[in-house]
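Think of it as A, B, C, D and E in the order they're written, each chain with its own count starting at 1.
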Amino acid sequence: MESLLYSILGVLVSLILAFTVGMTYMGLSRKITARIQNRIGPPFYQNFIDAMKLYSKSTGIHHGVMHHLGPAFIMVTSVMSLMIIPILNDSAFFTNMNFHGDLIFLLYIMTFGPLGMALGAGQTGNPNSAIGVTRGLSQMVGFEIPWVMAIIALMIRYDTSSIVDIMNIQADAGRWIMFSSPFTFIAALLAMLGMFRYSPFDIVGAPTELASGPMSENGGKYLFTMMSSSSIFAFAKLTLYVNLFMGGADNLLVLIIKTFALYMVPLLYGTVSPRYRTEQAVRYFWGWPSFFGLLAILYAVFF
Amino acid sequence: MINDKNSQKIVDHIHNFARKHSLWVLAYGTGCGAIEIPPTMTSRYDAERLGVRGAATPRQADLLLITGYLTTKTLKRVIRVYEQMQDPKYVIGFGSCTINGGMYYDSYNTINALDRYLPVDVYINGCMPRPEAVIAGFTKLQELITAGKADGAAKYKEKLEWYRKNQKNVIPNWTMPEYNW
Amino acid sequence: MNSIVIIFLIFLAGAVLTYIGQRLSNILGSSLFLLTIFAATAQFYLRVNTGDIFSFSLNGLEMEWGITPISWLFSLIVLGLGSMAAVYSISAMKAKERLGYFYFNFIMGIFSMMGILLSRDLVSFFIFWEIMTWSSYMIVIYEGRSVQKVGIKYFLFSAIGAYAMLMAIVIIYSQVHSVLIEDLVYSFSSFTLAYKIWLPILLLTGFGVKAGMMPLHVWAPGAYSHSPMAYSSLFSGALSKMGVYGMVLVFSMLITQIPEHLLIREVIAWLGALTAAIGTLWAIAQDDAKKLLAYSSVAQLGYIITGVAVGTELAMLAAIFLAVLHALFKGTLFMVVGAIEKQTGTTNLTEVTGLIRKMPWTFIAALMSIIALAGIPPLGGFVGKWMLYEALIASDHYILVVLIFFASTAGFLYCYKFLFGFFLGQEEKEWAHVKEAPATMVVPMLIFSVLLFVLGTFPGLLLKPIDIGMQELGYAASEGHYWTMSVLFNEYGNAIMLQPILYAIIAIFLFFLVFLTAKAFKGTRYVSTKDISSSGEVPGEFENLSFKENFFQPFLRAVEPVMKRQIDWYYTLVGNGMEALFNFVRRVYTGNGQTYAIYAIVFLVILLLLKSNLFG
Amino acid sequence: MVGSPVLFVAIPLLTAFLIPLFAYIWKELVRIIPGIVILYLLVLSVSLYGQVLREGTIVEQIAGWAPPWGINLVFSPFTGLLSTLMLFMAFIIWMYSYRFKNIDFEPSKKYFILLLMLVTGSIGIVLTGDIFNQFVFIEIMSISGYGLTAFYVGRDSAEASFKYLIMGSISSMFLLLAIILIYSQLGTLNMADIASKAHLMKPEFKILALIFFILGLGIEAEIFPLNGWAPDVYSQAPGPIGAAFSGIVVKAGIYALIRVIYTLFDVEGSLQFLVIIGMITLIIAEMAAIRQDKIKRMLAYSSIGQMGLVLVAFGIGTHEGVFAALFLMVSHALIKPLLFLSGSYLVFNSTEKSIKELNGLGKFMPLTSFLFALGAIAIVGLPPLSGFWAKWSVLTAAANSGMLLVIGLVLAISIVEIVYYFRVVNRIYFFKKEESVVPKIPTINAKFAMVILAVIIVAIGFYPDLITSYLHEASETLLDKGNYIQNILSVAQQVTQ
Amino acid sequence: MDQVKFDISLIEYGFFISAILVIMIGLYGAMVKKSLIKIVIGLSILESGVNLLLITIAYVQGGTAPIFSPGLLKDMPLTVENIKALGAGMVDPVPQALVLTAIVIGFGVTAVALALVIRLYRHHHTLVIDEIKNLKW
């Protein structure tokens, strides 16, 4: 009973942690972008204020049950991913529900969120939402290919489909997979660019063209839910990458440093990139990233 | 406890703080004032440091910027957009045109006083107001929000009939749905 | 009399009586129709036990009917889906013409499928196979003239498959001098190598046609989409599974005896995966819901074929599990389309829109089956797909995993298109009058939705009988062995119990559903879908704000090179070439009597010239 | 003994010439008498067949001359089967054409005379044991065939008939040449005698005779380059005569060819030749059939193709092969007439007889259309109808002889068959009726005739054992050449002793 | 009956050749001539040629008509050997019987053919066989 309570507490803490860190990263990203653009930019806690404000909106509208549930879907996805991804190496406190085979599970879970949200966006009846959704789903199909190739390469190479195992292997070898399987890492990293939907791949919610696409009908609390879930999800993804490729983290500080370093990749790549059209994005992912994925698989099979 | 008046006050205070520092702007480029928005937002003046940020749709926005003169034709859209925004919401009138018609005061199809049609919280004077003035306007609005005086939306609800009458006066073929807030 | 024979008699007599009854009165026909199917179902599950055998001799061939665990498993699909589809079709087909014809062929369809499952010998297998083909063909052409091309195409491909199968059966008969399947399996190892390779290929061609395997799938979209939806659910759900059933038999009984079996396995597995990928792409491009589902069926069967072909224990388990589930969710989806067609009169995704508030139950059924189709936990599709991935990775089919994963991710696109097209989006005035479908149509769909949920959370319920069936096929070991092979089950022990992980998922889901949003739901206000932010414009009542045309245009642009030509195109090319050739050949009959006389003399001359070659 | 095989030839021939006399008594007798005669013969044939199965082959000498000098009729399990089948078909055709087109007295007189002669000729071919006698019967059959083909004045029937006549004349020339060769070498015309002495012939003469036989009989049996007349005749003759051609005449032609190849000579390679030529016939006929736009021509080509398949089956040469061929013959003799009979009512009132005119008749002529569809399904070999079992036997026979290429080709051709038959059936049921077509409901006797055929087809389909034992018996008889010779020549010995 | 041995002399070759020539002429007529009437004539000639061939085969050099009259036997006893010996000197009767039958049949066929020609002419108003091709392919 005690351990159950303990683990529930751990889950709650990790949730809060993910929310906080995610939000901060988002805020920092705004700040960094602003600095790159020679602006002062908002304070790093700006996103908290925004979230607060959104939550404090006194009215709200919905276009039906699915619309109402859409943000909930994506929140569920984020939390589920977070639950499965181990946060620290061998931590008794963050006993996440990681289990043998969670990599495959994750592959699926991570695609579920966009679909759930797409359903919500669909019911709004706003054509912009639907267009955004189609773009989003198309891009998802694009970046899933290198991503899945990378994951499979990992599975072949280390003969496991458990994240914890992979972390342990890295700990045992004392060497990050990032270096021991460079192709895998490159493929996964390139796929991550799509996952974050930062700049070259941000046509999904093009603010002017599509009026922010899928979320164009969401205001107030819905937007709050989506914002927080995307922060949580971002943290979850970063943690996953750290676990898979950078040997995990022994304490929170290391984790934060590593994730932040990783986070800089899509962010910085985004700030200097123009925008791809959807088919260009899809083809991009099926080009070099998939090639690296293939290389990774071949490498894993033959070496 | 939540219903307690004092605690409500505290909550309001926090909320107002958040609202004040997070103004998501729906810049309705009705007139020439729209040209002043980009400099306001970009490097030189950088309104984002105040928490001001563009919003894509009225559903997400807190603040409606009426940038310049309003033709009767545009007015209809502006009203529509305003009504689609979620409470609490604010309106900033931009330039002389929104105050008294400005240089179009005798035009047959622009409106002269925006206040007759929408509850304006802050006017920014000038033709055109420079970005500094715009930022001053934002700051003024923030002050009003802190003080709890930016209650244009409440006023609009209260005096809806009066506003509607005025709106219908200038807009022929009134086909808008009823204001459902 | 043997209870298997009684079942067949019930079906046959029921089919004829229904046909006659329908001529007399509508109610009589419908009730006889239901009575037949339910009586036979009840008879089957109450009276027939695995191991019952009825043997007889016909035309000098020893034949045998009986039931094995694996066929019992597939009978669940046939009879379960069949009876539900029957209930559904009562309302769905109301006020249609030629109901007697429809009912007759419907019953014959179920009859023949049961026959296939109960056949223990190849000839009655083939006979029932052909009955299945023509009874389904009759329903495909139910709509009349507009579908006759589709019908011929379907029948043509079925015939190609069936004749490939017949050729194999004939060769087997000449080798074994018995048509019993067990004799074949027993003596297969003594065949020459050429036979050992060609016989499975011929058989697989036959089954592959029905299962919609890659180059032979071209009939499927047309046939699935043009038969009445009440039957399409059975068609795609159960009938195609007969192909899978045959493949399971071939792969588990024959291919295992071939030393070079790997290549066949690889080829078929690749074909299956390609089927899945290409089928998915074409499904995305469809604007008609029936076509979309039809291509989706092709794609889904691709997974199953891959699983069967890879043929490790886990893969087989996954494939059969997916087969059952596919029957459930695709059956439901076709029923959904049928309900929508009945209520709105069209199935075009670009026309119908915003039905979610008008047909909520249908929507729930559609949503559940789409979730299952897309393989999202906690519904059943996920379990199946997971096992498939695992099996593929475990058996070193890495590129196949990528391909299948691509198909299943891209599958989200058409899943979304389906849901969005019908249920979401603008609620147009045009469809304001639409009401929920009648209860007899909705209830079967909902039953299936519940079943999907149950099988997703209690996969052991289904895995256990599959396990028994597979042991019959020669797959080793106990359930524990299988289930620990799958990571889905090993950590959490007894698979019959609800999976803790799924528990957790559901719990979180409910948590967010109830605590986070229920309150908010009250706090927010419903506004119509016309009240959207569209640059301040007020959309008119009949103004179409739906985004429907070219739905996935960007994606389709990206995959354009792959989809440039349908395989149909090549078949048409071949077909036209053949017809031209035939047209040329028949000109030997010039119509001139003298020419014929000259032919006779020429023939004489040829015979005289070749006489030493031809005779003695 | 119930009756004598002679009656099969004598009675119909006699009746045929007496019909004009009967007409003086009562005009309706013209129609009734042939039926009674055929029915009588059918009963006789069945009872004789039963007897033959019990007691062995009956050899009937005509005019007391013993074989090999005299003409003899052989009623063996093989010939008995065929004659029963032919008489049954004749009866069905009589029943069908009893009131076909309400033909007047004068034409109907001719019609039934010719029909009876056709039947006489065909049965004679099957029963006779003398090659020249067979030639005569072939000519009787052909001449009545010319007449029946040209029966309708309005159509292009004369053209068809003339083509048939040209080919028929050439056929008779080759037959006579073959007979001459054999006679010049062996000095005998009795088949059994020829068979027993065939080894004495010079090989080159034997082969030449065989080739002449193949040419002469091939024209009747519709093998490939010699069958140009067949589609024309089938399509221009009255509907029931088309049925008679496919159900009776061709069977007789095939029988004659098979008799020559199996019994008369045992030339090495002739069976192989049968397979090759049968295959070519099958392929080319089905190729031609798929592009037809006249319904009867299509059926005709299909019939030719089926005959090719029969020859292939005979060419396999094993017991199974012969059995399969016989099964196919029986099955085809039941199905193709059904198609012709129902088809000719479907296009009853049209002048073009094109497939287009069948559009949408399913609603107006439900029974006829259904029977046509049933026939179509049966002939392409879909279970559970008789066609399937026939095809199955052919394929198994071929497989047992290792002829895998044959199996593949036959199955591939079956697909072509499916295409064109289903095109027609689809048109009947699912197209919109042409305005100009006036449907004609079949008379009750025609319906009855067709339904009988359909019932038999379905019955055999569900329970092929109904006929398989007879077919096995028959095929054994055909293959047992020594027994055949002995059966006939022993009669001669009895006489001389 | 034993195999009959023929002593083929030059004259018999002549018969054979002429018979075959007649057949060839008949075939030529039937196959090359375009007129229906000529075709029928050709067929008739063909018949005659075959009949001629048949008769030729039966011919025995110096043989008599195959009639057993009491005068032939004279004083010989009526035994099988004697009859055979007599028969060897006769022309073979069977082909003659066959030819008779064949002639009758040929007559019938020609009659039918001519009737058909009349029908064809009425229908098509021509006798050129190339133009009578309504039924083809």
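The rule is short, and it goes like this: a contact is a pair of C-beta atoms (placed from the backbone, for glycine too) under 8 Å apart; a residue touches a chain by one contact, two chains touch by 3 or more.
Since this is a predicted model, take the numbers as computed values, not measurements.
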{"item": "Where subunit A and subunit D overlap in contact partners, by chain label", "value": "C"}
{"item": "Chain closest to the middle, measuring from C-alpha centroids that were averaged per chain", "value": "C"}
{"item": "Chain of greatest Cα-centre distance to subunit E", "value": "B"}
{"item": "Chain pair with more C-beta contacts, D-E versus A-C", "value": "A-C"}
{"item": "Cα-centroid distance, subunit B relative to subunit D, in whole angstrom", "value": "97"}
{"item": "Inter-centroid spacing, subunit B versus subunit A (mean Cα positions, whole Å)", "value": "36"}
{"item": "Subunit A and subunit E, separation of their C-alpha mean positions in angstrom", "value": "101"}
{"item": "Gap in Å, rounded to a whole number, between the CA centres of subunit D and subunit C", "value": "44"}
{"item": "In subunit E, residues with contacts to at least two other chains", "value": "30, 39, 132, 134-135, 137"}
{"item": "Sites on subunit A at which at least two other chains make contact", "value": "59-61, 211, 216-217, 220"}
{"item": "Residue list for subunit D, restricted to those that touch at least two other chains", "value": "159, 162-163, 166, 170, 231-232, 288, 291"}
{"item": "Listing of all chain pairs that touch each other, if any do", "value": "A-B, A-C, B-C, C-D, C-E, D-E"}
{"item": "Touch list for subunit D against partner subunit C, complex", "value": "159, 162-163, 166-167, 170, 174, 203, 207-208, 210-211, 214-215, 218-219, 225-226, 228-229, 231-232, 267-270, 272-273, 284, 287-288, 290-291, 377, 382-384, 388-389, 392-393, 395-396, 398-400, 402, 404, 407-408, 411-412, 414-416, 418-419, 422-423, 426-427, 429-432, 463-465, 468"}
{"item": "Residues of subunit A touching subunit C in the complex", "value": "59-66, 68-69, 71-72, 75-76, 79-80, 83, 97, 99-101, 104-105, 107-109, 111-112, 114-115, 118-119, 122-127, 130-131, 133-135, 137-138, 140-142, 144-145, 148-149, 152, 155-156, 161, 211, 216-217, 220-221, 225, 277-279, 282-283, 286, 293, 297, 301"}
{"item": "In the complex, subunit C residues that touch subunit D", "value": "57-60, 123, 126-127, 130-131, 133-134, 141, 144-145, 147-148, 151-152, 155-156, 159-160, 163-164, 166-167, 170-171, 173-174, 579, 581-583, 585-586, 588-591, 593-597, 599-600, 602-604, 607-608, 611, 614-616"}
{"item": "Subunit A residues touching subunit B - in the complex, by the definition given at the top", "value": "30, 34, 37-43, 46, 49-50, 52-54, 56-61, 207-208, 210-212, 215-220, 223"}
{"item": "Subunit D - residues contacting subunit E, complex", "value": "68-69, 132, 136, 139, 142-143, 146-147, 150, 153, 156, 158-163, 165-166, 168-170, 172-173, 176-177, 179-180, 183-189, 197, 200, 231-232, 235-236, 288, 291-292, 297"}
